[in-house]
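Each of the next two complexes has subunit A plus one other chain: subunit B in the first, subunit C in the second.
Up next is the complex of A and B:
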C-alpha cells in the first residue's frame, strides 16, 4: 500500500446490534491508522413512540409505562413523571412515601453503578472483576425484590405516593445487604483504583474537560467526574432529599486531581455507592410513620387528575444524571403533552470530544464510561481502500485486551 | 428431567435486542453470572450469530430493527432455536399500540420457546434455554 493510501482516513461503522448488554446504537468513526479522527453516532434504533402512546393513556397507566422506558432505571422515570403530575394536580405526598421513594431510588443507584462497574471491567478484558461486580449486585436485587416484588420494573411509585410500604420486618434484610456492601467497598475500591491494568487503561483516556462538560450540558457522574458540581438531589431537593445531608461527589474526594478521564468516572461511581448506603441507612432510621399514598382509590385519583390544568417539570437524579419529565394537562384524561429527557440523552454528545484522538482499542471503555442507556459495539466493517474486513465485537474486545497486555509488557 | 448427551457439548446463545427496555437484557446477563452460572453446562453467550445454536430475542421489534433481526436469523446455522424473552416480544406488552412496531417477534421470524414476564427472572430464562435444548435435540434427530 502506498503512503498516500495509508494516510487516507477510512470509516468504521459500529453497531447497531450488540450481542451482550445494551440497546442498539450505530457509530461511525473516521479513522487514521488506529486513531479516531472524527466520531458520529445514530441513536433511535429502539424508538417505540412511548410519549405518543402516553398521550393516549391516563396518568396511572402512564406510570407503569414509564417503568418500561428503561429497565435499569426502573424508578427514575416513574418518579420524575409522578412528581410532575403531583405538581399539576397539587398533591401532597405523605412524608413516609417520600422516604420510601428515596430508599428505592438509592438502591437502584447501587445496583446500577455495580452493573456499570462490571461492564467497565468487562470492556477492559477484566472478566473476573465483571463477575465479582455482578455477583454482589444480586444482593441489591434481592432487597429490591423484597421491597417491590420484582427485580426489574418495580412498579413501586404511584402518583401521590408509593404502592408498598417498608415494614419493620424488612429492615434487617436491608441492613444486612448494606453492611455487606460496606464491607465489600474497600475491596472494590482497591480492585478498581489500585489495579495497574485499570490505571494504565483508564487514566488520561477519554478526557472531558470542565469547559466541555459544561458546554455540552452533561449531567450526573459524567459531569461530576469533570469537576462540575451538579446534583439534582442537592441543587433542587425533592422527596426526602431536602432532609438529608448530601454533597455532590467529585473525583477529588478520593485524593488527587480532577482529570475528567475514565478513571475519574470510576472513582465517582464507586464513591456514590458508599454515599447511597449512608442515605438509605439514614432514611430507614428517620422514616416517619403515616400513610404511603395520597389517595389509595384509583378512580378518585384519576378524577382529581382529570380536573387538573397546568404544566410542570418533574426531575430526578438518576444513576446516570438528571432526568426530566415535562407534563402538561388540560382537563382531559390523558395529558396534553408529555416529554421525557433521559439522562443519557444529555450525556451522549460528550462521546464526541472523548472519542476523537483516541485509539480504536479504547473505544469500548470510553463508550461505556458515560454509562449509556444505549449500546456500543457489535459488528465493525473496516473499509481500507477498496478492501473491507469485518470486525465483530469480539475482535474489538480482543484489540482492547491486547492493548492492556502490550502496555504491561507481557 | 434427565440431562441428555447435549450437555456434553456447549450450547451457544446469541442475544438480540430488538428495541427492548433493557430489563430483559440485564436479566439475560444476570443469568450468566456466578449466582446462576449456566456455563457449568456449557451454556454461554457468544458474540456472533454464526456461532450460535439459540437466538434470544428481547423487545417488541421496532421498525429499524426488524430487517436486522431477519438478517441475524438468516446468518445462524441450522439446527437453530429462537427464544422470545419477555412479554413485549410476544404481544407488544405495554407497547401494543405503538406506531413503530413490526412485532410481535413471531410475525418476523419463527419462535420456538416463549419466556413470558416483564422482565422474566433469570431462572425462567435458564428454564427456557433448557426447554430449547430438548427442541434442538428433536431437530437434530430429524423428528420435527
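Up next is the complex of A and C:
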C-alpha cells in the first residue's frame, strides 16, 4: 500500500436501512482508524406526502390524519394542528378540554421517554434493561387506551377541544398507573444511572456543548441536556400549562455538572417522567367542570372552518422537543397551506458535532440519544418524472429567486 | 463494578412472563391449520388481551336507519366511505378505515358504531369481512 493511500481516510456508509438505526437515515463517516473524523447524514428516506394529502382535505379530516405522522407522538401533531386552526377560526377551547389535552400529552411523554430508554439500553447491548423499560411502558399505554380508546393513534383531539371526557371512574385507573411509576422511578434511575456499563459507555460520549446546542437550535431534552433552558410549556404556555408550576429540567437536577453527553440525556428524560407524573396528578385534581368541546356538532364546526381566513402557527412541546404546524386558510374547505416541522428536524444537525471524534462503536447510541423520529421529519423529497432528488437549502433558495424573477417578468 | 440489574434478572426468573401468548403458547406450524383445529374443538386458543371500554374496532352500519345524507363522507380522513347513488346508502372499506370514529360523531341518525372486533388482518382487502354495507 502506498503512503498516499494510507493517509486517505476511508468512508463507512451506514444506512439508509441498518439494524443499528431504528429509523431510516443514511450516514457517511470518514474514518481514521476507529475514530470518526467527519460525519454527514442524508435524511429524506421516508417521505410520505402527508401534507399533500392534507391540502386536499378539510381541517376536521386532517386532525386525524396528523395522528399518523408519527407512531409515538400520537397527540403532538394533532394538538399542534388543532391549535393552529383554533387561532385562525378564533375558537376558544373550554378549560376542561385544555386540562384533558395536558393529561394525555404528559401520558404520551411518559410512554415516549420509556420507549426511548428501552431503545437506548438496546443500542448499548443491554437488552434485559430494554425488556424491563418496555414492559413498564405498557402500563401507560393501557391508561391511554382506557382514556382514548386506542393505544397509539388516539384520535382524542378535535378542533375546539377533545372528543372524550375523563370520567370519575377513570381517575383511580390513572392514579394507580401513576403511583406504580412513582415507585418504579427510583428503581429505573438506579438501574440506568448507577450501572457501571452504562456510565462507561455514556459519560463523555456524544458531547454537545451549550454553545453548539444554542447555535444549532436544538430543542427538547437534547437542548436541555446541554444546559439550554428551553421548554415551550414554560416559555409560551398553551392549553393548561399556564396554570401549572413547571420548570425545565436540566441534568444538574440530579446533582453533578452539565456535560451535554449521552448520560445527561438519559438523566433529563428519566427526570421528565417524574415531572410528567406530577403534572398529571395536579391536572386531575384541578380539572374544572364544564364542556369539553367548543362545538359538538361537526357540521357547524366544518362551516366555521370553511369561512375562516388567515394563517397561524400551532406549537407543542413534544417528548422530543418543540413541534410546529403552520396552517394558512383562505375561505376554502381545505387549507391553502399546511407545513409540519417535527421536533427531530431541529435536532438532527446536532448529530455532526456529537459524532465527530467519537468511535464507530458509539455511533448507534449517539444517533439514538437525540431520539430521532425521521418519518415525522422527512418533508422535502421531490419526485419529478422518473428522476427523484432532494432539494437542498441552496436549491430551494435558487428556485425561490427564479420564481421571484419570473413573477417580476425579468 | 456496580450491576444493579442482576437482582432484577433473578427475580424475573420466578415471575410469569408479561407477554400474553396469543393465539397459542408456541407458534403453530401453520396458523390456518391451527385456526381450523380451534374451530373443530381440537385445540384451544389463548384469548387476546381484553379491549378497553369504548374501544374503536371494526365499524358497524345499520343500513335501514341510514338516510343517505353523505355527512360521513365529508369527515372521513381516509376516504374509506363510498356513496352508492342507486341505493342511497354507503359502503365502507374497512381496509382503508383508520378507526378514528369521526363518522360515528357526525351521523345524525347514529347508524354508524364502532364494535370491539379487531382481528381483521387479511390478504384480500376486498374480502367479504373487509367491506361493510
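The rule we apply is simple: the second predicted complex is superposed on the first by the 361 of 410 C-alpha atoms of A that agree within 3 Å, B and C clash if a C-alpha of one lies under 4 Å from a C-alpha of the other, contacts with A are read in each partner's own complex, and residues count from 1 in each chain.
Heads up, the rule we're going with is that a contact is a pair of C-beta atoms (placed from the backbone, for glycine too) under 8 Å apart; a residue touches a chain by one contact, two chains touch by 3 or more.
If you're wondering where the values come from, they're calculated on a predicted model, not measured in any experiment.
Contacts of A:163 after superposition on the shared chain: subunit C is touched, whereas subunit B is not.
Within the superposed three-chain model, A:224 lies out of touch with both subunit B and subunit C [touch as defined at top].
In the superposition on chain A, A:64 contacts both subunit B and subunit C. When the two structures are aligned on the shared chain, A:191 is found in touch with subunit C, with no touch to subunit B.
In the superposed model, B is the one of subunit B and subunit C that contacts more residues of subunit A. In the overlay built on the shared chain, the residue A:320 is in contact with neither subunit B nor subunit C. When the two structures are aligned on the shared chain, A:138 is found in touch with subunit B and with subunit C. Of the two partner chains, subunit B is the only one that A:49 touches; subunit C does not reach it. After overlaying the two complexes on the shared chain, residue contacts for A:72 are found with subunit B alone; subunit C is out of touch. Legend: residue contacts after superposition of the two complexes on their common chain; A:299 is shown touching subunit C, with no touch to subunit B.
On subunit A, the surface touched by subunit B in one complex and the surface touched by subunit C in the other have residues 64-65, 68, 135, 138, 153 in common.
Residues 14-17, 19-27, 29-30, 33-35, 45-48, 59-60, 62-65, 68, 72, 88, 93-95, 97-101, 118-119, 121 of subunit B touch subunit A in their complex.
Considering their complex, residues 16-24, 44-50, 52-53, 56, 64-65, 68-72, 74, 115, 131, 134-135, 137-138, 141, 151-153, 373, 375, 378, 392-394, 397 of subunit A touch subunit B. Listing the residues of subunit C that touch subunit A in their complex gives 1-5, 8-9, 18, 52-56, 71, 74-77, 98-102, 105-106.
By the touch criterion given at the top, residues 57-58, 60-62, 64-65, 67-68, 126, 128-129, 132, 135, 138, 142, 145-146, 149-150, 153, 155, 163-164, 187, 190-191, 194-197, 298-299, 302 of subunit A touch subunit C in their complex.
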